[in-house]
Amino acid sequence: MIREISVPTHKHTEFINIGRQVQNAVKEIGVKDGICLVYTPHTTAAITINEDADPDVTRDIMMELEKAFPWNDIDYRHNEGNSAAHIKSSLVGASVMVIMENGKLIQGTWQTIYFCEFDGPRNRKVYVKIVGK
Amino acid sequence: MIREISVPTHKHTEFINIGRQVQNAVKEIGVKDGICLVYTPHTTAAITINEDADPDVTRDIMMELEKAFPWNDIDYRHNEGNSAAHIKSSLVGASVMVIMENGKLIQGTWQTIYFCEFDGPRNRKVYVKIVGK
Amino acid sequence: MIREISVPTHKHTEFINIGRQVQNAVKEIGVKDGICLVYTPHTTAAITINEDADPDVTRDIMMELEKAFPWNDIDYRHNEGNSAAHIKSSLVGASVMVIMENGKLIQGTWQTIYFCEFDGPRNRKVYVKIVGK
């Protein structure tokens, strides 16, 4: 069984905390013990795990990624003009894996799961799949 | 059961679309529902998911990675001279995971799986493994 | 079953080879065939796969990551001052997956698993979980 989460994004670049939605999907799937894959089917977005507490953490990640892989670069050739979003997508990655035990995601105190929008705003999707028992 | 895919590379830096080969390996393994791991056993290569349509997307990814992590840097100490390839390998990652349903990989419309060569040309390998049922 | 590995780190930035500890955890879990998830619950650290042979490889990776995502940047806002560690954590990633067969991790000749400390020294943890049979 696959659960699909809808993630509407509202800015060009945005990290959206989807930890609660993933936990709800996990409950609906009903598998108690195993590994949970959180996967986005988009090539200008990504999924990551990082700090939940201070919003400046994800703000600084976005800023520094923009410095290293700028939106504007005279050498880009891709005619949609969003090469930087594709680059960030491959570096951050299309998915994360989290261990499940007793029906709960096992994460660190400060960890949550983020959907990373790199070319929004758009209506995005995330798939949740569990293997285990 | 593990399926091995051979990937001969022909350039120093090259993204090779292996989506069809992975799908064929998945058919041979015969598991219908679960999670598929696509893994490369090399430390100067990687696996990623990105756009299939315009070849300039992967061209721009390679170019921008080279700008951020240049092949030549007077501060490198590794005596084989390929530190940049090792760096890109760790950032892009040695594997991707894809959800499987009814014997098919569930990917986005524009997504495919790429083998990323960062120190070629070489004869490379990719392993495909499924957990599920 | 989850196995926990303790990883004391001794420097601010440090890659620690945990390949042997992961293999020992795999033996204790006792699952012979499947996929092994190696996951760190911290947001200023990461897990990666890279070369085992020459210590200058990981030294060069750390150096080049510091050049691309410097510890000091006047534009950072996160008040703990460790934004660079959070950035590297998301780029390298909180986990790796490795295929298991006959009770052994299937890795390339030069590959091992590293715990990546980006804001040490600290006492860190790594979780090992296997799905399969």
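When the chains are written out, they are named A, B and C in that same order, and each has its own residue count from 1.
Keep this in mind: contacts are C-beta pairs under 8 Å (C-beta built on N, C-alpha and C of every residue); 3 or more make two chains touch, one makes a residue touch a chain.
Quick caveat: nothing in here was measured; it's all calculated off a predicted structure.
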*Determine how many degrees of rotation, between 0 and 180 and to the nearest 5, align the Cα atoms of chain A with the equivalent atoms in chain C.*
120
_Same or different interface residues for chain A and chain B, judged by whether over half of the residue numbers are used by both?_
different
*Using mean CA coordinates as chain centres, what's the chain A-chain B distance in Å?*
20
*Give the residues of chain A that touch two or more other chains, as numbers and ranges in rising order.*
35, 68, 91, 93, 97, 131
*State the interface residues of chain C toward chain B in the complex, per the touch definition above.*
34-35, 48-51, 54, 56-57, 59-61, 63-65, 67-68, 91-93, 96-99, 101, 106-111, 131-132
*Parts of chain A lying in touch with chain B, wherever the complex brings them together*: 2, 35, 37, 39-43, 68-69, 73, 75-80, 83-84, 86-87, 89-91, 93-95, 97, 127, 129, 131
